[in-house]
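Quick heads-up: structures coming right below.
In what follows, chain A forms one complex with chain B and a second complex with chain C.
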Partner chain A sequence: MSARAHPDFLWRNPDPRPSYDVVIVGGGGHGLATAYYLAENHGITDVAVLEKGWLAGGNMARNTTVIRSNYLWDESAAIYEHSLKLWEGLSAELDYDLMFSQRGVLNLAHSLHDVREGRRRVNANVLNGVDAEWLDADEARAFCPILEVGGHTRHPVLGATLQRRGGIAKHDHVAWGYARGADALGVDLIQGCEVTGFEITGGRVRAVLTSLGRIAAGTVALAAAGHTSVLAARAGLRLPLQSHPLQALVSELLEPVLNCVVMSNAVHVYVSQAHKGELVMGAGIDPYTSYGQRGSFHVIEEQMSAALELFPIFKRVRVVRTWAGIVDVSPDASPIIGTTPVDGLLVNAGWGTGGFKATPGSGWVYADTIASGRPHPLAEPFGLERFTTGALIDEHGAAAVAH
Partner chain B sequence: MQLIECPWCGPRDEIEFRYGGQAGIAYPKDPAALSDEEWAGYVFMRDNPRGWFHERWFHVHGCRTWFSVRRHTVTHEIGRDPGSPRREEFG
Partner chain C sequence: MTPDYDLAVIGGGPAGVAGALTAALAGLGVVLIDAAPRLGGQYFRRPAPGFRAGRPGALHHGLDRFTRQCEDLAGRADVLTGHRVWTVERDGGAVTVRCLAGDREERPRTVTARRLLIAAGAHDRPLPFPGWDLPGVLTPGAAQALLKGDLVVAGRRVVVAGTGPFLLPVAAGLAAAGAHVLGVHEAGGRTGLARHPFLAAGKLAEAFGYGARLARHRVPYRGRQAVVEAHGDGALTHVTIADLDRDWNPVATRTVACDTLACGYGFVAQLDLPVQLGCALRADPYGDLAVTVDAGMRTSVPGVYAAGETTGVGGAVLAEAEGRLAGRAVAADLGRRVPPDPVLSRRRDRLAAFARALGEAYPVRPGWRGWLRDDTPVCRCEEVPLAAVREALELGATDARSVKLLSRAGMGWCQGRMCGYAVSCLAGGSPAGDARAGAGGQGGGEARPGAGPAAFHRPIAQPVRLGDLAGTAAEPPRPGPPGTPAEVSHPPTEG
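Entry: the complex of A and B
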């Protein structure tokens, strides 16, 4: 512990006031980062974050913390790279050790198609100023020595993309760092406050109705991840989102054995080793819609069989815990950020399986959008209109299993 | 793991099925007459309720029948869809 004593509490626990300039619905990573940047970048401090449970107990507590910016399309590369650049200075900015570790992210290729897709993505990344390298199988093995690339496996590794600046961070610290920062700047973080409805007159939102009463608001900004559709429906909106379980698991604690993040879209698994020592593994979503925060066991069985193919060294490792979060998936696997048909009601959702890495960037552009009333340039392509114009940003290749 | 009742084969393990999303999304009667907003509605907008949901499943590794059920998206309880065919009706 540094010379500065750690306080007993990182933020106040205020009662809600009757009215705020900005009410943010959802106290996950995105809501907290948005509140922080509203105060820090725009001087807007008459802000409340309303959280139905406890701060960062949703997907923020459940994700596997993979951070990278090697998305295919220009629009995505721009917003995720902006986020990665913020990560690189975030521990200092928040004065909180986020345990951000740029240990490198490998995306494996197992077929000729994967190889072509991977090389194409490396080229696209480089053109967008995102660091990316193509490794052949031997180079991938040299980078990650316990990876089985040999010809005897069912899914031999033919090569991999590598983003060296990618890595992991400690999710709780990220939430707590933003929460402490926002609180210190005057933002009210209100836990145990569920938004149950909206007061909308003349096409404009005037207030939110909550389990703690009515709270008037100039702007209401949704940051409710998997529950966005439920909230939007209460405002009379239908969004192109489906909520699915996404599962993950951890092993018992091990000595340091895995030095990087390894992901494979084709065999459906990804794995890293957390600072504490557990292996953290995940896969793709369960196919059906759900709000049940649990998934089906066969998804775990399949990801484990894939993991053992790639890492035979893990075959005696025990699984300690499995869980699921509810992720909001959009038709093009890209987020939806911006205004809605209801004046004063903004949405930031659809980050699906991959929004942890975007926490700083998402909060940054959303705060700017709220403050200025027009979309931040990096958020503009991600507006709801794209489903009508057809200007989709299809990131299924970069975002399906890899998060 | 869910146990899903195929109207032809009876209750089977979830891994035999593929999910088909919201039921009752009919192809537009007069596609050429649709505005861009209406197309967006047909192609992209789906209900996403917390509660009972009317949805399609496909018995892909079985008899390959498409059918609908009502499923609760919190409890995962599956109820019969009265509109879905019954075994007797397959003839």
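Entry: the complex of A and C
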């Protein structure tokens, strides 16, 4: 593929100005989407996105791009479904081919417990207006012919949930689409600018301190994914987040063989075939907390051996690369969006292993929260307060590892 | 778990063999692992046992000494040739080295050790030019490998071009083996020979040997010249040779008929494994990267040592000295009594200083970019032409990583090992300064300021089959109906 698939110009590389109405910390998918919707939906353009590396060089560049909205609880289903609806119009909105492919997402059930949970989830989804179907083993096999459902594997397939509207998209196009849109509306995207501290007086944030100097801000919105808790600590906040390495791998190019996304929570893997033909496989989360962007091999080994039982035909496929990203996981595996005890400092984090799919929705509600100073209705249940009130939204079943 | 060995050495060139032997002589349990069918590395590459070479020593200096070292080693350590290491992991006090043995039917093999010495050498650095993907165009390292490893003379009418002192031994070797070497074209200027660093390093005989051999075979050595285009329909038939100005812009050209071109612009240390482990790197002033080591060849990662080209490109003699220092340091660190050897240390320092000077004497100048045309492939694996790289830059990409994501340059089979340098230069960065070039990206790695295109984190150093990754390389028996022997003999995998 040549760069001809892209529009003519992406973005400027401006120097930071001394002050902005809104400073967004983190130029991943969520930070860029937030900037775009601030400008597009709310007309707020005196905005800078500060990124310590390059735009979308963090988890946005490392994720396996699974998109779906079949989460269990009403609150989650609402925000992820809002996101999925945005995905469905996003290439047109951003005038950029995001290669969003709604090829269907299968979640496999390997035990009677999985079957019960899967059916329950399908019912819950349908009640929430999220498309969902239950397939028995034969139907799953018919939908994905290379899947080994036989009863002799360690993890026999007893059935699967299917969300036909789920799928994958091209992650870098998504980031660049938002970046280009935000830039065109006047947002400054500043790369190579690390936020090292905050200036807080009278309980209110006044400025961020960065590797490029002090930048004053009316509102500071964190969108730093795996590094959020470190950053928040510099503002004196302790967030209930833990950082874990999450691994993935990509194979050599193959002819098209896999027509959908297949996920298995029990086995902790998910597989799809990207547009160019490489298999993209996600492995599970490493059990220990770490900031080193490398995972441990035993995790991959165990998961790949299980994955090969599901897909024996991939045994000889060559892996050309593996990698890991740091994901930020909250105690109930749901995100944290909203205000903090520091006035003017907002947080959007804890998307853990599944925030790529949420990029448009997260940016949308975060921008609204920033613009209006009160949580967007879809974001309200995800406030920091829930860890003191106890109104948790436990999505471990839907999001523990898989996406 | 007790590790299998005290020391695992990766690389069986002069550095690795010297390191392994020194450690084994100090009483350590040592395993040496190399991908090639026979020990030797780049310089002492030798034909596989089945071949009969009349006088293999004629192809390299010091071969007898190296051969003796290999023989000594064979009785004292386990030598695993034909084993490709695809990943190393460090866990507390031990390292785990994962390899694949064999060619077509690869078998996985895992080795554990208390200490690790990385002596993985370097690879050629090609620069792109129109026609560089034609059959008949190869790197000097490849031409030398064919000659030394397979006793194949690559072609009859050969042009040697590029930059750096190692063009000479390659040309001399080819000429001695019967090829008609039409010329050696050193882009950096002929003064390189007069000030030839081999002279400075006391390698007078060697330098003169090459000079004399080249003279005997009437091989002209030309400075400020480069091959700027290769021509041919399906195979190489002739090349365009240009006179260059200081910055390597062509000023006059002519064509020369030939069937082989050996062309390369220096070497890049093989850094996949050190980067995997997180070893600190340094960028030389002229932009190349190598692993940082102390006087005992210890890297910044405890328990991991590096020697030879891994610490900077500098020739076989330096590689051997570093290997010996590393072997001694490992033995000392594991409690063996090893008296210091100040002579060896000074020798290493002198050779290393000289190697740095050598790197500085043969810089790559920017004019090569002008040799390219819009349709010249920059990345061969993904067939990305210059035009696509330019488009990525016009789109606003300011670093090699964005160029890569936009154009797919460097995303194929070799993962940027061949084109990484060129792509970062074209992206406007110095390859070393272009810190995180190639990091990130889907499947990317660690941002590592000050590191270059070679320095992105690659958790696997070689493509590996999923089945091997899963540790299930052998086909499991097809499960029959329950209770059949096939299933009974299959050990339960459920944990």
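Keep in mind that, in the parts below, the second predicted complex is superposed on the first by the 394 of 403 C-alpha atoms of A that agree within 3 Å, B and C clash if a C-alpha of one lies under 4 Å from a C-alpha of the other, contacts with A are read in each partner's own complex, and residues count from 1 in each chain.
Everything below uses one rule, namely that a residue touches a chain if its C-beta (ideal position, glycine included) is under 8 Å from a C-beta of that chain, and two chains touch if they have at least 3 such contacts.
Computed from a predicted model, the values in this text were never measured in an experiment.
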{"item": "Touching partner for A:227 - first (chain B), second (chain C), both, neither", "value": "first"}
{"item": "Contacts of A:201 with chain B and chain C, given as first, second, both or neither", "value": "neither"}
{"item": "If touched residues of chain A are counted for chain B and for chain C, the larger one", "value": "C"}
{"item": "Which of chain B and chain C A:11 touches, first, second, both or neither", "value": "second"}
{"item": "Which of chain B and chain C A:240 touches, first, second, both or neither", "value": "first"}
{"item": "First, second, both or neither for A:388, with chain B first and chain C second", "value": "first"}
{"item": "Which of chain B and chain C A:320 touches, first, second, both or neither", "value": "second"}
{"item": "Footprint overlap on chain A, where chain B in one structure and chain C in the other make contact", "value": "292, 296-297"}
{"item": "List of chain A residues in touch with chain B within their complex", "value": "227, 229-230, 233, 238-243, 287-292, 296-298, 331, 387-390"}
{"item": "Footprint of chain A on chain B - complex, ascending", "value": "1-2, 14-15, 18-19, 21, 36-37, 39-41, 43-50, 53, 55, 71, 73-76"}
{"item": "Chain C - residues contacting chain A, complex", "value": "87, 89, 96, 98, 276, 278, 384-385, 387-388, 391-392, 394-399, 401-402, 405-408, 413, 415, 436, 439-447, 457-460, 463-467, 469-472, 475, 479, 482, 487, 493-494"}
{"item": "Chain C partner contacts - residues on chain A that touch it in the complex", "value": "1-4, 6-13, 53-54, 57-58, 61-62, 150, 152, 154, 171-172, 191, 248-252, 276, 280, 292-297, 300-301, 304-305, 307-308, 314-324"}
